[in-house]
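The following blocks contain the structures, represented as structure tokens.
Heads up, the next two complexes both have chain A, just with different partners, chain B and then chain C.
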Partner chain A sequence: MKALAAHRRHPLMALALLLIALGVVGGAYGVVTTQPTAADTVMVGDQTQIEEGRRLYLEGCSSCHGLNAEGTSAGPTLIGVGAAAVHFQVATGRMPLAAPGAQAPVKKPDYTAEETLAMAAYIASLAPGPAIPTAEQVDYTNADVAEGGILFRINCAQCHQAAGQGGALTQGKYAPSLMNSTPTQIYEAMLTGPQNMPIFSDQTLPTEDKQAIIAYVMELQQAPSPGGMSLGRLGPVVEGLFLWTAVLAAFLAAAVWIGIRAR
Partner chain B sequence: MSTTEKAGGATAQYLDERLGSNKWLGKNLKKVFPDHWSFMLGEIILYSFIVVLITGVFLTLFYKPSLVEVIYEGSYVPLKGVEMTEAYASTLQISFDIRGGLLIRQMHHWAALIFVAAIAVHAFRVFFTGAFRKPRELNWVIGVGLIVLALGAGFTGYSLPDDLLSGTGLQIARGIVQAIPIVGTWAAFLLFDGEFPGVDFMSRLYMAHILLIPGLILALVTVHLMLVWYQKHTQFPGQGRTNENVVGYPLMPIYMAKAGGFFFIVFGIIALLSGLVNINPVWIFGPYTPDQVTAGTQPDWYIGWLDGALRVMPNWETVAFGYTISWNILIPAVIVPGLIFTAMALYPFLEAWATGDKREHHLLERPRNAPVRTGIGVMAIVFYSLLWLGGGNDLVATTFDLSINAITWFLRIGLIVLPPLAFIITKRICLGLQRKDREKLLHGYESGRILRLPHGEFIEVHEPLPKAQQAVLASMIESHNTPLPAPAKTDANGVRNKRYRIDKLRSRLSNFYYRDAVAPPTMAEIEAGQAHVAHEAELEAPLHEYEESNYVTVPFHGGVLHEQGEPMTNAEALEADKGSERGSD
Partner chain C sequence: MSDLTTRGSDNSGDKPLPEKPHGILARPEYEGPGALTVADVEHRPRRSDLDPKAARRVERQITLMFLLSMVMVVLFVIAYVSLNSTQTVYIPVLGLIGAQNVALGVTFGAAIFFIGAGAIQWAKKLMPDVEVVQDRHRLASTPDQDAAAAAQYERGKEESGFAAYRILRRTLIGALALFPIPLVVLVRDMWTNTDPALEGLSPAEILSETAWTDGLPIVVDGTYQPIRPEDIPVGGLVSALPENIREIQKEFHNLNERGKSAIILVRMDPGEIRSQQGDGWDYQGILAFSKICTHVGCPIALYEHRTHHLLCPCHQSTFDLADSGNVIFGPAARRMPQLPIGVNEEGFLVARSDFQEPVGPSFWERG
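After this line comes the complex of A and B, so read on.
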């Protein structure tokens, strides 16, 4: 301590103190502000995964989204869309797009789960964005199905139809059927608002509400049809079509059979 | 006498002594009805209506027409604890907690859809065969009234469960009422008891659905059937059938058995269908609240065309003196259906006026023999179907990967272009068929056998028409009409014709109907043609004789094809068995 005290009036002491103070404040700021989310800790940390993601990105995505994900006239920028958006689009096969069209259709995924996660990590490394929801976030076992039904009818049914069968939007766009969606995909869709869907952030729909909606969609997927054949649960149009084809044919056949001249 | 006969006789006597019914029954039970499968279509309407009434009575025992808010505590878990109206809650109760409730609800709904569909098919039969002609015009008008009532019955029923679909439908209905100029807003207030959705509204709807409309339907159906009874049923042209007779079977026992059996078939199909196929799963759609709507919201099929008209209509509005006239709703939902039903009701009178035909018609016309009428009918069906397609435009878009905007524009143009096209094509097909009939009447039908005559000429041999078929085809002679002549401006004495304009219009209309009519053959021409056919047969006769004499006829007796000593050919058989009848040919 003596040595330190002896140098306290050294001309460079002020500079040294300044450096120490800056280091402490900066370090503390860094610790306080980078509250890493669960996904970030997995992904941002793994540099090899990011490198692999970047390689895949340059191969499969950059022609439309730009070499640095800055976006081109053919595709939007991906800076800040987050890992959730990448995971949703790629894992459902929507991206990469097979052909330009009104909307990216669901198809067989082109990448394995690992590759998808690598690309998600790369995009997440560019700028912060919504992370892939964790298993706890999409766990709907304790969610209120009836509450989910109300939320679904208020927020989702006008496009996805009350039974989740999907519906038409303008100019060839559409809200897809939810009958094959997984809880993670539903959560990611609400979080990132893919295609024409609005974003339902955690401020609009907190996690418990999202879980309730997932629970209701799962109920719709699994629920039996108590009244017999469900006719796709598309409502009166299909009922009318069925009536004017199969049912009417049965009646006409009966009428012809009875009305036929006795021989 | 058997026991049944004795019991029947005793009952008849008991009733006759008190009601004097034997004479009436004796006469009417023998009433003859003509036979054709298409005459059964009207019965589907009656029987499905009976099913609707029976199942409807069951539903009234449990349904509550109330908009009071309750918390659902029934057995359908995904709605447990949700706030809803008593109407919706009681519908859920019928579906999930009343024994057999869902089956009866589905029977009621399916039977209602079948009821309206059968009306449409029955109306097609009546229209395309000209069964609405004198003296049956009034019954046609009653039928049109019944169509409107059936739509009303269906729509009020669709609105009762108070689920998301029915509430949205009512919201649209209210919008349509509001679009009527001047009185719209007040009419909507009157009907809906104030602002949407109102409080008393459901009980009013319920009254209309279970009392007013079914009562009117029952009354009109009774008159409709009494008129059929009184005016007798029409029949298709055929051998032995004239405008003055009715060829068919007596009511008792043939038609009693047919109609009774058909009732059970209709009931059976409806019950089977309702047990196997789900209709209107209200629990999926959820309770109605005015701030919610679901994609794919559609009315039941019979209202679909009106919904389609609303969907394809361009968004036109006029503001006059501070008031908005919503053409975008007024035209598709008020004016178009109003015009269609008016035109439909007036059609028999219009056609009779154009024809100038005041005769009674008890023989039906084959659709091809009235090309313009058939064309108009097909045109109307095409127009209706396009509107109908418009009602499901969103499902067409998602099913066939089409743009909903493209469908809308296709329908806007198609609604104007396609019906006239359908008219022209149908009329041409009818005229073509008439020409074919004319040929057949004149020359019989082509046998496909080519004959070379001794001097080298080739002819195709014609076969004479069977008598029954000839009678059917000959009905084109009866159906033939010539257009009314153009009226003169003045009569022989130079007096001005006061009705000139009307007469001219009538003559034009008549020209439109009958200008292209195919001239039917006269009886003399037909006879000449038959003589020609007979002549061809004569020419061919030697050939037949030659051929027949070389056929090998094999008598069939238990698998042995030919026995020793039996003749091998007809010629041999004739030789061997001269004078007696030929064996097995």
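After this line comes the complex of A and C, so read on.
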């Protein structure tokens, strides 16, 4: 506080404040929006790919999931989880785990897209399971966003929060934010139930409904916050907390500054 | 006058005072009624008191702040006119937000900030900061004032006739005592159902009954499609409602029944089910539980399919669905009510009866 009080008399201080204010206004034109990347789905299946996948599996996954994907005390069986589960877990970097813990966090993927598909093909060859959704399945261009919103609030919002920002579960587990998820990943997650997420099968939540949900999430990802700082879109509780902590702290600091004796 | 400024310097004697006082010190000391005594403490003069150059610099600073405030007001008007209210801007940390909103907020906030900061600087640097003593007046009132107040009270009692008209006094007290009764009646009335079929039932009875009956098909919430057991994989979760929910909502024009009969269906390996609220209430590992938390009634479907825990996001009540929906953590006092289910001839999941205990938050008769 003393240091601040000492510096504020500096003639450059006023100039700096002006520059900051002008920079904020000027930055108003630097609009940057990112478009979601198209689904990167490829067909899985031929024998050399399966062989390659098996090699990669034995190298990177078998220590926890077993030499024949039968599962060990360290990891569940992968027989019957399907290519979609492998693609979701490996392409988002959740697997292989960096360290055992309550949650498998998203990180930079360890494998290339090709290697991921090879492993998916190998696991899919063990037993039938959900396949990686096709580009057609995750195409949400004609989906009903409003319907997707209704379905999202019924089926997803309880864990991922109404605006897809994610939320806490029990004992250190959490439902991740969906703000960086691709349509394929969202579809795969609903289909396979990664970690503690329940499965939303194509029978109870058909493809059109999943597309509607994807359309809603994509809408959320691009939605601006016309009112200012969104604060994670967590609603009035967060706004209140922000006011009572950050803003009040700023006011207290200002009050202290007013009370400091001038030199 | 020099008496004021030399008070501290006399002791330290490090810096000689400038010959010609400046700024506020150039003015004659205020005397007369209202003048305050200078406190008998060591006074440390400010740089702007001693150095005319410093005082000039402060003056320039404050002027600049007031000018900046004017600039901000001009920028505010420019932003208001030139920016479209639908334009957005990406600002790191804040994200994609309304451009006009940011511009208006920053310029208007800065305008008022610079006025305030300038005023504070002025007060701190240029206005006199000599410590003075202001005596506090006595807090207690004088005996004369006490006597006057008491006399006024007595006179009021006498003149209003509050003591003399006994019947008026008593009926007024009676009227005020009865006045809160309508409020109590209204509170009691809050649960009364407008449905004639439920007339005369206590809240406990109304909340104990939901739309579920034997053989009523279960449909998916949102799509209203009936469900076959094979549609739900192990680890699956379905939010569901009774088949006739939309007719009920249409009839009563409210969502009360949805609030009572909403359920979740989960499927687990039958071997993992440790206990249920009734024998064979599952169907091949598919369990139906109320979706309404027994604590204060939040809808919950945070089902972790590996631990079988159902977590309420409001107050972290946790129910173990593999063990009769018992509470394992949190403030909920009752287990999550389970709905017995089966399949009909067409192979669709149906309820086998209503809930056997009241759903929703705990209330007085329920405990």
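Going forward, the second predicted complex is superposed on the first by the 199 of 263 C-alpha atoms of A that agree within 3 Å, B and C clash if a C-alpha of one lies under 4 Å from a C-alpha of the other, contacts with A are read in each partner's own complex, and residues count from 1 in each chain.
Convention: a contact is a pair of C-beta atoms (placed from the backbone, for glycine too) under 8 Å apart; a residue touches a chain by one contact, two chains touch by 3 or more.
If you're wondering where the values come from, they're calculated on a predicted model, not measured in any experiment.
So, does A:170 touch the first partner chain B, the second partner chain C, both, or neither?
Touch partners of A:170: chain B and chain C.
Would you check which partner chain A:71 touches, where first means chain B only, second means chain C only, and both and neither mean what they say?
Neither partner.
A:258 contacts which: chain B (first), chain C (second), both, neither?
both
Examine A:93 and indicate which partner it touches, taking first as chain B and second as chain C; both and neither are also allowed.
In the superposition, A:93 touches no partner, neither chain B nor chain C.
Based on the superposed arrangement, let me know which partner A:60 touches: chain B (first), chain C (second), both, or neither?
A:60: touches no partner chain.
So, A:154: does it touch chain B (first), chain C (second), both, or neither?
A:154: touches chain B and chain C.
Just checking: does A:162 make contact with chain B only, chain C only, both, or neither of them? Give me first, second, both or neither.
In the superposed model, A:162 contacts chain B only, not chain C.
Which of the two partners, first being chain B and second being chain C, lies in contact with A:227: first, second, both, or neither?
Touch partners of A:227: chain B and chain C.
Examine A:200 and indicate which partner it touches, taking first as chain B and second as chain C; both and neither are also allowed.
second
Touching chain B and also chain C: which chain A residues?
Residues common to the chain A contacts of chain C and of chain B are 150, 154, 158-159, 167, 169-170, 175, 223, 225-230, 258, 261, listed in rising order.
So in the complex, which bits of chain C are touching chain A?
Contact set of chain C toward chain A: 44, 46-48, 57-58, 61, 64-65, 68, 71-72, 75, 79, 83, 85-91, 94-103, 105-107, 110, 120, 124-125, 129, 220-223, 225, 227-228, 230-233, 235-239, 266, 299-307, 309, 311, 313, 316, 318, 329.
Residues of chain A touching chain C in their complex?
Touching chain C from chain A are residues 9, 11, 14, 17-18, 21-22, 24-25, 27-33, 150-151, 154-155, 158-159, 167, 169-170, 173, 175, 193, 195-201, 203-206, 209, 222-230, 257-258, 261-263.
For chain B, which residues are in contact with chain A within the complex?
Against chain A, chain B makes touches at 35-41, 43-44, 77-82, 95-96, 102, 106, 110, 113-114, 117-118, 121, 164-165, 258, 261-262, 265-266, 269, 273-281, 284-286, 291-301, 304, 391-395, 397-398, 401-406.
Mind pulling up the chain A residues that touch chain B in the complex?
Residue list for chain A touching chain B: 102, 145-146, 149-150, 153-154, 157-163, 165-172, 174-175, 216, 219-220, 223, 225-231, 233-240, 242-244, 247-248, 250-252, 254-256, 258-261.
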